[in-house]
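What follows is a set of structures to go through.
Paired with chain B in one complex and with chain C in the other, chain A is shared by the two complexes that follow.
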Partner chain A sequence: MLATRTALLHVFLFVPIAYLLAFVGFPIVYNVIMSVQEVNLGNIADLVRPFVGLDNYREVMADASFRKVFINSLVFVGVNVVAQVSIGLGLAMFFAQRFPGASFLRGLLLASWMLPALVVGALWKWMFATEYGVANFVLRALGLIGSPVHWLSDPAVALTSVTIANIWFGMPFSMILIAAALTSVPLELYEAAALDGAGATARFRYITLPAIRPALLAIACLVTIYTMRAFDLIFAMTQGGPLDASNVLPLLSYQFSFQQFQFGVGSAIGTFAFVIVFGVALVYVRTLKKEGGE
Partner chain B sequence: MKQPRFRRLGALPLAGIPHAVFATAFVLLYLFPIYWMFISGLKSTAEIFANPPTFVPRQPTLASFEYIFLRENVLRYLRNSLAIAIPVTVLTLLLGSMGAYAMSRLRGRLVDVALVLVLLLQVFPEALLATPMFIIFKSLGILNTFAAVILATASKTLSFALVILRPMFRQVPYELEEASFVDGCTPLQTFRLIVLPIMRVPLIVVGTLSFVQAYGQFVYAMTLMSQQELQPATVGIYSFVGAEYADWHRVMAFSSIFVLPILVLFLFLQRRIVAGLTAGALK
Partner chain C sequence: MLKQLALALAGTVCFALTPASAQTKTVTLWHPFTLETDMIYGGIKSFNESQSEYKIDARIVPGPQIATELIKAIATGSVPDLVTLDNPVVASFSAQGTLTDLTDLVSKSTYIKPNVYFEGPWASGLWKSKIYAVPRDANTLALCYNADMFKAKGLDPNNPPKTWSELSAAAEKLKDPAKNVYGFGFSAVQGEEGVFQWLPFLHQAGGSVSKLNTPEAAEALKFWADMVKNGTASKDVINQRQYEVTNTFMAGNSAMVLCGPWELPRLQTDAKFDWKLALLPVKDGKNIKASALGGYDWVVPKGAQQVNGAFKFIEFMSNPKILNEGWATGRLAPRNDVVVQNPLWPQAYSIYREQLQSARARGPHPQWPDISKAIQTAMQEALTGTKPADQALAEAAKKIEPILAKTPL
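So, the complex of A and B:
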């Protein structure tokens, strides 16, 4: 019986892992192979394609739009991580106080994260519409802006607009994870600190923050990974425009592959993004191992 | 992991009222965009472009809904979304419960490697996998079928399911399985009749989250299927929004109908979803 059970467990482990290797692992490897080949519409289905070495990478590096989009990606991801984690931390601490409906109301915020990213993009595109959008109306009514902001068509503003939408979309998820981390801080620590006369600020600095630092790092990694993936939301709002102002790496890669049919160049851009997410994922896995310590 | 927090502050129930009021106001404000989506769908053509905009529709109308159902094949789009989301959910639950069960029971290097592999494979952006997927499915001859989108999407939901379910399966006591062996059940029967029923609630949570992800799938549908008749609602909404001058009341009516099932599911399962997410992502 035990032998059959072990055999069954190995089959159970093998099937899903084989599935993931076939449909994620293999495409990643295939992407890297394509990035050193010349791939166009004519030879896309062929097995043998001309090897071009690092030409695609050279082309990418020389491309002015790539540098711009690379920096955009860093800004988009960086601002998202900082905003989602800090706002999330503030809210999680607020909701950790005991008041009627606290956990229900906190959970309700997650509604924004449950929406399909494409719908979130469509919704914010409507709210950010220059003439009839509710954002400009409210800001003008409050006297915060004089003339309407061109949220999506002004190259100086577009990246900010998609960043705001993405923070709205993703922050509740970060907040829920931070809230879970907060509940693992032993209450006795706070009680002891309060007895010693530590104020709220001191308790936050010397107890809360050190206790949840590993969790915050893991959450920051997760937000980075999720934000690096952002495609639908930006595609719906601006398609990366105007003039690549709000473009990010996955979207640029898609444009090269599926709009200009330069699959090799698209794949080379993809490799850059892969390396970044892979690095962050390694940090994430290490943090989990250290913290979980199973 | 369990509440309550800060017991000493909560001694007086009244003390929490200002907090509750503030929190309610904040949540309502935060979720305002969702409200705006629904009421925009209920506005008439004249009212949607009114200046100043109305925050409660003056003359709510279902005209936009009527229009999109009669003129824009919304029913077909929704049917296609379900034709993708339901098989993805089934496939994810099947493979996910198998893998999570195995990872919770086996020990040693193999499982460690498998777990790291799952964690690493879930991070790659879909938009970047779309090109190689396109070529793979082209050579398999299943481009322009739901099968391609289903297989591609399930690769994303599966790793997510494995990560969330594994710690849950660990909680099933091994003694229960032993007892079932003594009763003469095979290992497979034990899994089906003993372990899975205990895991009902986590499986519902993971099933819901997989469904929601697959239902909102956009990139793979757009890249792996070129026929409009097969496209799901996400692509349908996108084709509305892409236009220079969008009919926003209709786009929002379409979006409202589309996300309504998700929001209803969410309201029913909110507590369990929150618990499931926190269990998986950080353990």
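So, the complex of A and C:
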């Protein structure tokens, strides 16, 4: 009896491990292998390719656009995480108030998150068009700007524009998760606090925030991982331009691999992106563990 | 259970008894043409009906993804038998030995004779004097203008700009910031399309890709940069793909644009004004006629199962009778023995056909994507005002020099 149980346990253990090795481990290892090889269209189907050591990494580090794109990625991800989580928190608290249609409207907000990223990108490209875009039209009508803003064609503005679009796109996801976390806070705590004379700010600070802090951290990690992968939205809006002003690591890796056919360099950039995501994923797993332990 | 078994058995028997299906070999084809009126649909249909040896099985792959998809197919070793590739990337594939050498098949062909093809399209399929591709169609750029706006601004719609100075003068007159109208529109997007649109100007100025650090090249880029700077062209051109430039034209936001013949079906249905076409203006004093050369090539990836079937279809599609149908979607024939009688859009047809005579190929060069990237960067730098045109181009020349030292154009 015990023997069959352990045998079964091994099977249960083997299936996910085999899955992880085949579909997660192999691509990662393969990417790392490609990043230390010279890979071109002629030898991409071969298994044995010329080994070039860290040349691809050196080339990447020396590339001026990589440094720019690396910083872009950090800024893009940082701003997205802070904005998506804080706006998501604000909206989740707002919709937690009881008013007619609250949950319906909250569900409706999720619609933007359900759209394909390419569609969202095309939409924002339209709205951010200098001449006929609605963004400039509204800002002008309100008298906030004199001359039209070149949202996507000014190198100084393009990153801000794609960041705004991505916040809009990803925020509902954080909001829904935070809303779920909020429902787990016992209402009695609020009632007791109100009786003790705690105001809204105090209740938020001493009850809500501590109660959902682990959830917030986990959500922040998830948003970081999702944003690190942002590709299609930016691809549709600016293709990373002008002059890589709105480019991020995954898109740069794609451009090197599939537009310049320099697969080794593309893989090296992929490795950089992977290391960052992996670090964040570790933090996420640790947070989940802690959350579960409490 | 028994019933299912019986059905399965019956199916097997049927399959074995049908001789045609057992012999017909499937030729897999990838192409990006989504308009049902494209010649490829009629071609596939009549090819499949005309014989029973091969059957074309087509899959649509969006244009920008076709090279990416082919790379993935090559990497996994399961390639389609036939692909239509954008002609400037063909050399990247053929030089690395990923395409089937078609030289022998072409030499035995009745329809495909190198000397009937226009030089540029044919050159795109050559590598080290071997033939790796056969041109499917050709396209080029011309000046598309809004005749109604010409009239409204006191310009003669029957006398479009013929020189650069006439072009800038007309554009200056046509622009109307209050109505969001720009005089001239073009695509300077960071991508192959932007290079495709700018190269005619480089060539008209007397410059060339191999000599970008010359005053001629700088003048060509400055011509575009100045238009953006003084508001004759939109700043958004650096982020607009070609179809988006056409959109601004159709929406009445650009009075003149660079435009390829593939846009004609769209212009016909969506442009609610009188539009006309003109040859690209030439540079004053230089008078060099030049335009861009685009188009798709048929290629057979190495490792294809049905090389002969694929080539048979290439031959079928190279028949002047089929190529004649290409113009229905604005595709020009890549060969000089095809002249469409009573074409749709007759004025456009004569302009594009004439413009094709001065169309210059990009490359062929296995590292064209790298060369193109260097030019794209220079264009973006000059048009955003980050760097002056001559400096941006000098830096591009520095990147291109070692590439051309290895393999000249």
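Throughout what follows, the second predicted complex is superposed on the first by the 269 of 294 C-alpha atoms of A that agree within 3 Å, B and C clash if a C-alpha of one lies under 4 Å from a C-alpha of the other, contacts with A are read in each partner's own complex, and residues count from 1 in each chain.
In the analysis below, contacts are C-beta pairs under 8 Å (C-beta built on N, C-alpha and C of every residue); 3 or more make two chains touch, one makes a residue touch a chain.
Not measured: the values here are computed from a predicted model.
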Next on the checklist: Looking at the superposed three-chain arrangement on chain A, would you call chain B and chain C a clash or a fit?
Outcome noted: clash
Next on the checklist: Quick check for you: in the superposed arrangement, does A:Val36 touch first (chain B), second (chain C), both or neither?
Outcome noted: neither
Checklist entry - In the superposed arrangement, does A:Met228 touch chain B (first), chain C (second), both or neither? => result first
Next on the checklist: Just checking: does A:Pro155 make contact with chain B only, chain C only, both, or neither of them? Give me first, second, both or neither.
Outcome noted: second
Checklist entry - So, does A:Pro100 touch the first partner chain B, the second partner chain C, both, or neither? => result first
Checklist entry - After lining up the shared chain so the two structures overlap, which partner does A:Ala220 touch, if you call chain B first and chain C second: first, second, both or neither? => result neither
Checklist entry - Touching A:Phe258 in the superposition: chain B (first), chain C (second), both, neither? => result both
Checklist entry - Touch check for A:Leu187: first (chain B), second (chain C), both, or neither? => result first
Checklist entry - A:Gly241 contacts which: chain B (first), chain C (second), both, neither? => result second
Item to check | chain A residues touched by each partner, larger count belonging to chain B or chain C | outcome: B
Next on the checklist: Contact-wise, after the overlay, does A:Ala129 reach chain B, chain C, both or neither (first, second, both, neither)?
Outcome noted: both
Item to check | Offending stretch of chain C which, after superposing on A, collides with chain B (from 152-160, 206-214, 242-250 or 314-322) | outcome: 242-250
Item to check | Doubly contacted chain A residues - partners chain C and chain B | outcome: 44-45, 125, 129, 131-132, 239, 258
Next on the checklist: Can you tell me which positions in chain A touch chain C when the two form their complex?
Outcome noted: 40-45, 125, 129-132, 150, 152-155, 238-243, 258-261
Checklist entry - Where on chain C does chain A make contact in their complex? => result 67-68, 71, 74-77, 92-93, 96-98, 180, 182, 189-191, 234-239, 248, 251, 253, 369-370, 373, 377, 380-381, 383-384, 386
Next on the checklist: Going by the contact rule set out above, which residues of chain A touch chain B in the complex?
Outcome noted: 1, 4-6, 8-10, 12-13, 15-17, 19-21, 23-28, 30-31, 34, 44-45, 94-112, 114-119, 121-127, 129, 131-132, 134, 137, 141, 168, 173, 176-177, 179-184, 187, 190-191, 215, 218-219, 222, 225, 228-229, 231-232, 235-236, 239, 250-251, 253-254, 257-258, 263, 266-267, 270, 273-274, 277-278, 280-282, 284-285, 288, 291-292
Next on the checklist: Per the contact definition, I'd like the list of chain B residues that touch chain A in the complex.
Outcome noted: 1-10, 13, 15-17, 19-20, 23-24, 27, 30-31, 33-34, 36-37, 40, 48-49, 51-53, 95-96, 98-99, 101-103, 105-106, 110-111, 114, 116-133, 135-136, 138-139, 151-152, 154-156, 158-159, 162, 181, 186-188, 191, 212, 215-216, 218-219, 223, 234, 237-238, 240-242, 246, 248, 251-252, 255, 258-259, 262-263, 266, 270-271, 273-274, 277-278, 281-283
